[in-house]
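In what follows, chain A forms one complex with chain B and a second complex with chain C.
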Partner chain A sequence: MKSRRLLPFLPALTLLAMLGPVIAGLYGTVMPAFGHLPAAGLTGPSLDPFREILAWQGLPRAMWLSISVGFISTLLAFTIVALVVAGWSGTRVFRVLEGALSPLLSVPHAAAAFGLAFLIAPSGWIARIISPTLTGWDRPLDLLIVQDPWGVSMMAGLVIKEIPFLLLITLAALGQIDTRRSHAISQALGYGRLTGWLKTVFPLVYMQIRLPVYVVLAYAMSVVDVAVILGPNTPPTLSVQIVKLMSDPDLTMRLQAAAAALVQLALVVFALVVWRVGEIGVAWFGMRWVARGKRGKFDPIVGKFALFAGATSAIAIALGLAVLCVWSFAGFWGFPDALPEQLTLRNWMRHSSGINQALCETAMIAVVVTLVALLLTIGCLEVEHRHGLRVSTRGMWLLYLPLLVPQTAFLPGLQTLLLNIGADVGRLPVMFAHLVFVLPYVFLSLSDPFRAWDKRNSTVAAALGASPDRVLWRVRLPMLLRPILTAGAVGIAVSVGQYLPTLLIGGGRVETLTTEAVALASGGDRRAIGVFGLMQTAAALVPFAIALFVPAIVWRNRRGLKNG
Partner chain B sequence: MDNGLELRDVRITKDGAPLLEVSRAVSSGEVLTIMGPSGVGKSTLLAFVTGTLSSSFEVTGGVFLNGEDITDAPPHQRRVGILFQDDLLFPHLSVGQNLAFGLQAGGSAASRRDRVVAALSEVGLEGYADRDPATLSGGQKARVALMRMLLSEPCALLLDEPFSRLDAALRAQVRDLVFARARARSLPVLMVTHDKEDASAAGGEIVTLTPI
Partner chain C sequence: MKYLGILAALCVPIASYAEPNPADWDAVREGATGQTVYWNAWGGSTTTNDFLAWVGKRVAEDYGVTLEHVKLTDTADAVTRVLSEKQAGEDDDGAIDMIWINGSNFAAMKDADLLFGPYAEQLPNWAIVDSAGKSVQTDFTVPIEGYESPWAMAQVVFVHDTADMPERVGSMEALLEWAQANPGRFSYPQPPDFLGTTFLKQVLVDILPDPLVLAAPATDENYEEVTAPLWAYLEELTPNLWREGKAYPATGTAMFPLIADGELDLSISFSPGAASTAIANFELPDTVRTFVLDQGTIGNASFVAIPYNSGSKEGAMVVANFLMSPEAQARAQDPAILGYGTVLDMAAISAEERAMFDGLDLGIATLTPAELGTVLAEPHPSWAVRLADDWASRYGVAQ
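Up next is the complex of A and B:
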């Protein structure tokens, strides 16, 4: 009966858990940005922090990197996904690609970035495989491919990681609207498969996926771990610079960091506005394009090109994981050999204690945070069900807000705030910080299946005399076991992949697989990176396997739940 | 009326627009059939009686069961059973567990099992207790759904197009069974349907709702 007292408070608690740290963090950023930092004996207000950050010579370049990387990678990933879905959805090729990309969604960004780096670097796997027979190289070229000053490799890393995300989001949106008939009609009117889809289905789909696309843009502009691994160094991206300033032992550097964080926030807001204006422009040209009635002469070529790009990104992630695996077992591996001279367990043994510790820390944080997120999410959805409420568009914005505000804009402030009030950094605050990002994803993952559940089941159970709590525990949750476990796996994958919240809110003392892996980036020990990158991927992927197998075993004699 | 189900001056509106009006009583062992085109609010009326009507509807009037006003009682305390056109057997429970779910709490494990077994044999499904409901035929599922509802000892039975998914041969058979079991337990039955055959087979009063 406890749940009856607790249940009505869960929506408010969920909002607090999701938005509280964001708002507190932004507050904690604004204060030092204007020179107010009691912990360092400074009281504002003053504009000095902004003067100092504006005086930094790297600023224009860092700002430009944030903008260019964000726009180019998001546009590329989005265009590829839209064209692949337009040209191929419903075909067998598409199902193969979808099957290949779905598991790659949960590969952590850092692991994917390391994998890509190990593929395309001058001494990477690709160069080794084609050398020296094709190239004549017997030593790696002196070329800055990874961490190039234009951020091209960083964009590539983001594109291959965002394609699976955008694809699954698009497919989820397609499931909610009746696209088949309008697509069929457009084809009957003589439109090519791809052009017909773009002209009839795409506008509806885009309405549904607009917010996730914004999330991708904001993320790409402010990501730290991918930028540390693949991004340029001199100067680094703005977000990496913020983290550098935050980790400076000199506390006054935090003022500059806070000012830079506000610059980063302004950049993202600016970019979102530009994107929105772009949407209107595209819609206007789109309407004219539709009105002109062109049937899509180039459909086959464009479709094939998009498919090639989509497949390439899947292959790049998969090969990247493969090369991480090879490095983790590599003994001596000279250039340009395609494979190491011998395979050994020595790397794994050498890092076994570090791996164990990091794995335990990672798992503890991820499991606790995910359980809390599931509890809050199920509570919210159950309140919604019992009181017949519907979440409005504005409610969806709230859900996406923590994902739209750049991490580098509010996490430094949150850390400073914790410092100011004398609260300890460490595991518990890290869990709260992870919850901010885990909750929206768990909610988004579970809400559709939860709402799609046939409510007549609950009517029948109530008519049989079951109380609302009994209906929830004995009927609804068991029937939704698979989506609940899937949402749990999503939550764990999100938590495992978190770099910045763990680093900043943990004060450097909470060492997860992700922070350990990214910390190795500057050292260039490929074997250690292989070991940690692979473990990080495993920690994110294994829960999905569990979510797949547990319902299959528990409900092995229940055919009615096979596809549930 | 002290014995049976009564809809007293029920008037349902949605967003200010009137949807339906009905004031009728059905006594124990009788069937009241409500007919009307789709969209007229037949299922809405049943949702009102089960207590699961969405809050976007406004209702005046009340439901009385054996003289007791249940208009504001929570759904699980109304003792009003319902059968839908789909069997809605819980897919994660075996046939026996589905039946036991309906059984009122209390009694020893052995006596509960006995009642489940007896209920199965009442509808000719001896030995089906451990079966996965998904492996049953449509007629068998309908019979299990009926017995599950009856085991919960309802004081009234609602039928929401209950036979429309069954093929013609099975339909008459299941329909006769449902009405016979309900009559044997002296239950007032409220059925909504758009099928004339169902309505005449019920043998009771027929109310035709028209859009208002």
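Up next is the complex of A and C:
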């Protein structure tokens, strides 16, 4: 009975949890950006904060970095994914690559970035392995690879992390489209596999994955942790500069930070508009290309190149994790030795207590937030089911909105706002901030299987006299155990990886594995980074393993349910 | 007699809101029991983090104080926090109970009345601090007046790998010549990192004919003229830096892996014992040694301060006092632990306590107090602020 009264409120509550902090944060950003910050005794409106941020000599470069890193990394990752799927979907090679990339989706951005840095630096693992036998280097070259001023290594870090995400999104979209017949017809007409796919299936797929692609673009333009680890420092990206300004002892710097946050927001909006215009352009050229009827003689080369790029990104993440692992056990490890002189457990012992604390904090936040997200999501989906509602495109936009607004645009405002109303920083506000990012992913991950559930089960159960609540608890949820656990794992992985919300809203008091790992970046202790990076990855990966094994055990005697 | 009841009634609320009196140590200890102290301290170094964790264990055992290390990437974050709490009217129980602090952050907080005190000179262990011989009463020329208590001494040393750079250099001019002959083998942390800013000050102190001008605050009139030699120096040095000065290490400890890999032959450190500690932790090769300049190098003390709005001032004072105890000081000086210089006067402690210090093996890369030579005073903090800003606009944004 209780849940029936509560149910209708859940969608509203979900929207509030997802959008409330974003809107409040933007409000908290706009006010100081125009010189209004009562906490510092300043009342606006004034344009001085914008004048000051425009006077910063680093601004043009920082803005350009945001734009170039965002566009190039998104375009690269997206092109590689589209070409790999176009050229290889349905083949055995593709299944291998898919199997390799899927678990990498949950590797936190910070850990992947550290791994990449330890690989490609002039003294990285790659240089160590090929030196001195192949190169003759007995010292690392004085080359600016990591933290290069053009942001190339930062782009690489983002590309390898976004490829698994875009690939899985594309695969999910493919599941909703009948590709078999398009494929058969285009092949019968003599089109190459890749060209045929791009001409017939791609437009349908892109319609489905447009919003996630926008999310990737907005994320890449405003990411902080990857930029701190791999990005340049002279000057840093705009988002890193915002975080630096936020931590200046001079409170008036927050005005500049807020103004810069609005510049960042405008940049992202601008980039999304440009991308949208680009879509129209691509569509126009695409129509012409389709009409010309070229069958695609370069297909094999392009396909192989894309596969190579996809495989490289998977290998880069895997090798990155491997080198984190080696560093975490390393004794002295000079250049150009391929492996440390001795392996030791000392690094792990040294950090064991710190790790335990951070792990508990991380787990507590992730589990609570994910449970709340699951509850709200299931509630929304159940309301949708019982009232026969359908989610419109506009509804999907609402779902993606918190992921499209750059974190650096609203989180500083949220922190200032919390401060102004005297709310304590700490674990609870951090949980609310995490919920903003966890909810959309949990919702997206669970909604398809929830909606795809065969409604005849519910009809049968109702015919046997079960109430709607009983149907939900006794039939639907148990049958959906696997997708629910998977959505939970997604939620935990998202929460574990959050850096900026934990840092800003936690006021430094909330120390998770991610904030600890990124804080270690400035100290440069590679052994400590290895230990924390690995633990962070494990915290995100273990729930996926649970989501895989628990249904197999619970439903060992129900063959039809084992695979969801 | 009949007023006694009223008096008592008046006293109770007053007593519970009154500031603790540092001179009444028994009351401080009593008040500290059960308190949780949030110590905001730079968290980028594993060895310091381990030491702070040990301090937490010890004060919990002896005084029932729970110490939480809030790891900062930049001490300025903590200053911001207290400042914004004051603006927001959070005057009784702020998020921060203690800050590892010195220099411009201390000057800023003291100036803005954000600190509790004076308390330092009332702490029992102040009696054994070497207040005559060590700079523990002024912090970057700013009078301390009991608003922060010292816990470690630091001095600039240069760290070199003798396998690649066998000879020390005696002056900043010599360092420049060496860098020109060995391009790409030296770097310093990116200002406003404190060690990076210290490097700028060290250059200035060493190349100025009369560094005394730095003891007074920088003025708009003299700043340009005094610092001109520094910028001329950097113009020549920067193209010969690691990565041609297009990127800088984030912090001092971030340079250790670069030395271990052979990317750098020379770097700078603010902790004479850090190199030995890093060798023990496999972070540096055992061929690394340290040296100081002929004219001496800049030195200063690390302090802890208590924000005015801490809700656990007694607990923080107990921790501050423990940090100045022979036990904590000897542990901090052990190069296997931290390798920080002590603030204590060896003559003021008992023979038994002195034995703890004498028994320490300072490590192969650590200079003896005699070898460390002259400790030069820090310039007034106004110089550091301007230098860091100026550096950022010259080198911090690629042109």
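Methods note: the second predicted complex is superposed on the first by the 564 of 564 C-alpha atoms of A that agree within 3 Å, B and C clash if a C-alpha of one lies under 4 Å from a C-alpha of the other, contacts with A are read in each partner's own complex, and residues count from 1 in each chain.
Here, a residue touches a chain if its C-beta (ideal position, glycine included) is under 8 Å from a C-beta of that chain, and two chains touch if they have at least 3 such contacts.
Just so it is clear, the model here is predicted, and its values are computed rather than measured.
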item: Side-by-side fit of chain B and chain C on chain A, or clash; value: fit
item: Partner chain in contact with A:Gln176 - chain B first, chain C second, else both or neither; value: neither
item: First, second, both or neither for A:Leu561, with chain B first and chain C second; value: first
item: First (chain B), second (chain C), both or neither touched by A:Leu251; value: second
item: Partner chain(s) touched by A:Pro149 [first = chain B, second = chain C, both, neither]; value: second
item: First (chain B), second (chain C), both or neither touched by A:Ser352; value: neither
item: Degrees between the directions from chain A toward chain B and toward chain C, using C-alpha centres, nearest 10; value: 140
item: Touching partner for A:Asn457 - first (chain B), second (chain C), both, neither; value: first
item: Superposition-derived comparison: chain B or chain C, residues of chain A touched; value: C
item: Distance in angstrom between the closest Cα atoms of chain C and chain B, superposition on A; value: 48
item: Common interface residues of chain A - those touching chain B in one complex and chain C in the other; value: none
item: List of chain B residues in touch with chain A within their complex; value: 47, 50-52, 54-56, 74-82, 84, 86, 88-92, 101-102, 104, 132-135, 148-149, 152, 154, 158
item: Interface residues, chain C side, partner chain A - complex; value: 38, 40, 43-46, 49-50, 53, 68, 70-74, 76-81, 83-85, 87-90, 95, 105, 108, 183-184, 190, 242-244, 246-251, 253-258, 260-263, 281-283, 285, 393, 395-398
item: Chain C contact footprint on chain A (complex, rising order); value: 39-41, 56-58, 61, 122-123, 138-140, 142-144, 147-149, 232-235, 246-249, 251, 330-335, 344, 350-351, 353-354, 419-420, 422, 424-425, 507-509, 511, 516, 519-528
item: Contact set on chain A toward chain B in their complex; value: 387-388, 454-468, 470-471, 474-475, 478-479, 481, 555, 557-561, 564
